[in-house]
Amino acid sequence: MARIGVFICHCGENIARTVDVAKVRDALAKHPGVVHAVDYRYMCSAPGQELIRNAIVEKKLTGVVVAACSPHMHEPTFRKACAAVGLNPYLCEMANIREHCSWVHSDREKATEKAIELVRFLVEKVKRNRPLEPIRVPVTKRALVVGGGIAGIQAALDIANGGYEVILVERQPSIGGHMAQLSETFPTLDCSQCILTPKMVEVRQHPNIKLLTYSEVEDVKGYVGNFEVTIRKKARYVNEEVCTGCGACIQRCPQKRIPSEFDRGLGRRTAIYIPFPQAVPNIPVIDREHCAYFRRGGCRLCEKECPRGAIDFNQQDQLLTEKVGAIVLATGYDLIPSDIYSEYGGGRYRDVIDGLQFERLLSASGPTNGEVLRPSDGKEVKSVVFISCVGSRDRAKGIPYCSKICCMYVAKHAILFKHKVHDGQAFVFYMDVRAAGKGYEEFVRRAVEEEGVVYLRGRVSKIYQQDGKLIVRGVDTLSGMPVEIPADLVVLATAIRASDGIVELAQKLGVPVDEHGFLSEAHPKLRPVETQVAGVFLAGACQAPKDIPDTVAQASGAASKVLSMFAQDAIEREPTIAKVNEQTCVGCFECQRACPYRAIERKEIRDRQGNLIKVVAYVNPGLCAGCGACTVACRNHSVDLEGFAEEQMFAELSAITAA
Amino acid sequence: MRLAYYPGCTLASKAKAFDQTARWVAQKLDIELVELPEWQCCGGLVPQVTDAVMGLLAPIRILADAQTISDKLMTLCSFCYNTLKRANLVIQQDAERRQKVVDFLRETRAPKVFDENFQYDGSVSVVHLLEVLRDDIGFDNVRQKVVRPLTGVRVAPYYGCLLLRPPKEIGLDDPEEPTVMEQLLEALGCEVVDFPRKVECCGSFMIVNRPEIAAQCSATILKSASQIGAQLLVTTCPLCQFNLDWQQMRMLESNGEITPVPVLYFTQLMALAMGAEPFVLGFEHHLVDPRPAVMELGL
Amino acid sequence: MTTVRLSSRRLSSEILSEIEELSGQNLYACYQCGKCSAGCPLGFAADLLPHQIMRLLQLGMTKEVFASQAPWLCVACMTCATRCPKGVDVAKVMEAIRTIQLREGRGALQVFLPPAELVAEVPQLATVSAFRKLSL
Amino acid sequence: MKQATEREQLTRTDELPIVLTEEARKFTEEVIRRSGERVDWCYQCGKCTAGCPVAFAMDIEPSRIMRLVQLGQGERVLKSKAIWLCVGCQTCTTRCPQEIDPAKVMDTLREMALEKEFAADKEVVTFFRSFLDNIQRYGRVFEPTLVLQYNLRSGHLLQDADKGPLMLFKGKLPLRPSRNGAIVRKIFDALGGRRQ
Amino acid sequence: MTAYAYFPGCSAHGTAKEYDRSTQSVCAKLGIELEEIPDWVCCGASPAHAVNHLLSLALVAKNLDLSPSDTIVTGCAACYNRFKTAIHALQHDRPLWEQVKQIVQPTKLNGRDFRVFHLLEVIHEFGLEGVKERVTKPLKGLKVACYYGCLLVRPPKVMAFDDPDNPKKMDELIAAVGAEPVEWEFKTECCGAFHAVPHPEIVLRLTSNILRAAKDAGADVVSVACPMCQINLDLRQLDIQKRHKVTFNMPVLYFTQLLGLALGISEGELGFDRLIIDPRPILREKGLV
């Protein structure tokens, strides 16, 4: 026989103002199964909890309903109180008579009635609650970091320095990411490579980090604490063990005019190449598409030149399998192609470039050795126009969001341009200057006030070529004047989007992706580095456009989540997960199709002799998030949710309908 | 206490009421005002461009003259106060222009002080009577001298521009929410109304150039004062007084969209409260005669 | 509305640097928040508001600024200077604009003949100030 | 600057500051409802003005028209010449990042201006009226009388007078009008009578 | 091939007679059958939609009702734009459609799905290869600036004609008949349209910018696909000359005239003599007439 205790909270005046608490108490006291009903001013206070604990002991309660605020607020508080005196915490439930009742109604009488109903149906549920035990999942204390930009580097170093092994996977031949392409960083104008390369080297030399460049994650299986990852290590055609990075092969390669990806097409590279001098690892890779040997046989000059015999044209892609307990996604961003703007030339003008290309023009190690020269004719640039919000904040182009970093890097570009070309003039078209970081606003004002950069508030309508100049036709909405600028170079601050292939990777992991292709965090405010999938964390611009300090902070945040997970031998998870009744399951696997977390597996049932009797669904407790999608999909009610079983739900419903 | 006193052109002529009440009040408060012997116009406004020297000559001449009397020079007119104080600052801060001014004054040697040893480095400080009352005399002392408290009279203090701005150079009071006149008025027993337009511009010298524009500025201020039920407006500047007075007269003549709010100098109100004879007050000089209002208030 | 053709020549014009020098203000410090115009007591009468004058100067459009009546309506009440969040003394900029024009012999004081009763009454400091501001 | 001065006078006619009243909000709503365009989405990037081929001749540039609509400044907008100078080339529509169709908003504003009998640009209004009269009469445009009527009504009697003989010589002017006027008149009648 | 319903537009009987005639002859040559809509009326052009939205829709709906076919072709960019815009509006707004029906009282319009094409699209549909095969006199050495104007391409979501800033359809056709389309930047800049009447000075300024750009790009002639653009660019050169003392002497031809020339249609039929700036001297220079 159930012995339920009901505890009604006034929440100061929050509930008591609108709900007649005494009336609720008296009504519940008469409810079948309720042996104890009290009200109190602040149930969450120490004396309030004391009331509950004493009642459990004295009245030998088998279940507790606390009628107060949202369970989000205080469920753990009251469950802990129950557990302290030996009542299984899952026998304690909360009826929300604040957010769902007193805060949203004004009619005292009706609100009181509703409050009584709310408590009543939870009493009916609690009568049917069963004690549950938290699920414990063992943890493999080894992490995978996907992406070797600054986010991945930072996360990998933090985890490795915490004493755990990390596998860092990067799909390019070198780590470094976009940060390696930058000239200097805002607002301090630190040299980007100077602050990044020591970290890259540290990754390479760290005993706890296993670095896999030119590699991609092929598949992910398993669940939090127990992932099994397949990684494709693409053939470099260079033996990494033997190569010393002397570069003789590169010198010899006859294919010298291949557009360099690292220089974003502004520079050239060979078919066997190292993307940039500071690359880590400093080992070349052969680009099959352009290599004369792979295209039509012959050549092999690099092979002949290599003093160590490191060139291996027969190398094959390798598939590696690694077991890890946690995954950090740090896959970064790309810029949208600027050719989607046909009014800006649609990619026809060589002197209309994007922000990363301008970084390469500014970079001392870039294709022009840091001189700002026009890509079309190599002439020095005297007049440059920067256009922000190209693609960003453009509903018509399907990108309503702000790319966040452009305001700052445009200011930086303009300043650096002025530093390089003293008699040059820089113009910036902007819509708003969003400089909400430490020292950011001051930096932008410096561009305007000290460096003489002219800011024009408005969008550019058209760019066209005339007499060897680019004519930029815009407007300054501040003065209301249409403006025309004959420029030598135009730099578009194109919108940031998540890297290519991120959607596919997210699907392999079951991590949700937002409408713009960025990875979704578990909660925008309170869980910004976690994903909906336990054990998978986010760092950097794969989640949203971000600058370097934000990226590094998030990477360290993700690493700390991993480390705190690794600090335990097993992870405790909520036991409110789905459970299959193997007796009635017919193995149709509708549930598997419905499950967004890929938590449902196939389980073979065998007799004692080992003969297969049937195949049923099995819920992987490590993956199940207790969403209940499977319970709805199951045709013969063979899946039920612990703590929210059909029986419990129906009891609640009939309590309502009976009323 | 002894102060050098610079009345300025307007106080010596068209704003006599201001001058005579101030002198009367000073006497009552034991302030000895020594009028500069041979003063001339200060120029009305200080030039604001960085290479101007000409406009500094007149104010510096006045300040240099004051040196011989006291290290403090008191003025009443907001224009003179602003001009002298800011010109003095230029002399203190801009060595190049100081040299030019001093050299010029030495060369011309007009009045006797400017002999071959003439120097001036900005050592005279320019003060306004309000400052003297607040910092040296104290409003409590003022209160003690009141024989006819202006109890229940709703007064709106009006500061205008030049008494307060630019704040970094003038620094008399908070430029947006000044209180010095409020404190004084309270000491006189008035009920001070919270006047939202107390630091708004009255149209200033535009009265001679584009009177219709100045009129509109003044009208806004007057309407606002009448709206909040002020019975008197109190000002520190002869030009503000005139603009508001003149415009008020026109408004009253045309359609009477406002109730009359006589515009007085703060010294007139002080003298009234301290028991001055009517001939001292000089109410007869006003365009909108304050006497009916004052009488109605039982004063 | 004609299109402005911007070039470094326009922006490095001598007039601009003269205005900066005479006023002691950095024209580019203005970030167009408009607080000066919001508080300008003469704004209602001027063809351009103070922040618009600042913007035109930033774009090197001195011709348009010199054609405007606004600088001649400024009475240097310094409300703008007092409230400017960037500490720009717009009144000084206005004075510089006037000064340059005056020095080039382009005065703009319209000598006003007040009605007789006004002549008798108007304080002489108004006349003195007007001449100081509006003539050389 | 003469132009700028005119513009300023137009945008700030008699009253400053702009007062944001309930009535102002209603004007904004009416324009949005009648045009079906979310004028309230405009974030003043100015791309419309930057690309507008006739902005140079306008008293209020397109982006400012949008802004004044947002602020509910009906009279300022409806009395502007700009709404009549818009040629409907839709460059603005094509490039607007907020997917607003300013050209359509201009159509709506013209309709509203006519209802209030504001016609700030006499020439354009006269031309439109002459055109619509012309097609009511003949069903199709008959250039000779269209030009004649326009010149008479606008008072520009000799405008393009030199072109007439040349056009005639080149065979560019039709000699006989079409006789389909009745069809068009029916439509005008259904719309509430002929428009003048 | 079924016949297209042909909507010539008002100018076809006036200022743009040569466009109409060259269109008819080119289509005949290519075997594209045109059937003129009987009793068609003006589409309303700019003045209708500029002052009354319903009127602009009703005029188009009337023409649709009169049309013998649901596939309509017109050579006039303005008519094309009006038709397409109105059909788009009517298809996407049922209540509006009901309102327009009340006004027009259509006899057969119900339930028909109309498609409107510009002549350029129809010829593309016919096939550039087919055109090439029929060329008898390739326009070798003739540099042509293809001018599209506004209404063919904008707004792109409704017109869906081509890239709104750098359209190619006319260039491809011109290239197919052997001429050389020049790369230039003013393909879709506005000519000032109806302002030719109320504000000719606007048109002067805009057309002179366009003509200058064509000249700078090295074009011998400008090719257009709209009677409004043609008359503005052609006729206004006289005023530009008078007012700005600039002589462009740039012939402005309909693309159908160039096409007809290449297909061997006679000069008289193509009406070169009707253009204000005579194209024959430059054509003669290139050995094309």
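Order of writing sets the chain letters: A, B, C, D and E. Residues in each chain are counted from 1.
The rule is short, and it goes like this: a contact is a pair of C-beta atoms (placed from the backbone, for glycine too) under 8 Å apart; a residue touches a chain by one contact, two chains touch by 3 or more.
Owing to the predicted nature of the structure, the values given are computational and were not obtained by experimental measurement.
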>> I need the common contact partners of chain C and chain D, sorted by label.
In response: A
> Within the chain touch network, how many edges lie on the shortest path between chain B and chain E?
Replying inline: 3
> Using C-alpha centroids, which chain lies at the maximum separation from chain E?
Replying inline: B
>> By mean C-alpha position, what chain is farthest away from chain A?
In response: B
>> Using Cα averages as centroids, what's the distance between chain C and chain E in whole Å?
In response: 53
>> Centroid of chain B to centroid of chain D, CA atoms only: how many Å?
In response: 57
> With chain centres defined as C-alpha means, what is the inter-centre distance between chain B and chain C in Å?
Replying inline: 26
>> I need the residues of chain C touching at least two other chains; which ones are they?
In response: 1-3, 44
> So which bits of chain E are touching at least two other chains?
Replying inline: 164-165
>> Touching residues of chain D toward chain A in the complex: what are they?
In response: 7, 41, 43-52, 55-56, 61, 63-64, 91, 95-99
>> Quick check on the complex: what are the chain A residues that touch chain D?
In response: 343, 389, 393-397, 431, 457-462, 473-477, 480, 482-483
> Hey, which residues of chain A end up touching chain C in the complex?
Replying inline: 382-383, 423-425, 427, 445, 448-449, 452, 454, 456-457, 473, 476, 478-486
>> Help me check something: in the complex, which residues belonging to chain C touch chain A?
In response: 1-8, 11, 26, 28-29, 31-32, 51-52, 55-56, 58-59, 61
> Inside the complex, what are the residues of chain B that reach chain C?
Replying inline: 8-10, 13-15, 41, 43-45, 47-52, 55, 77, 79-80, 160-162, 164-167, 175-176, 199-201, 203-211, 213, 216-217, 220, 238-239, 242, 246, 287
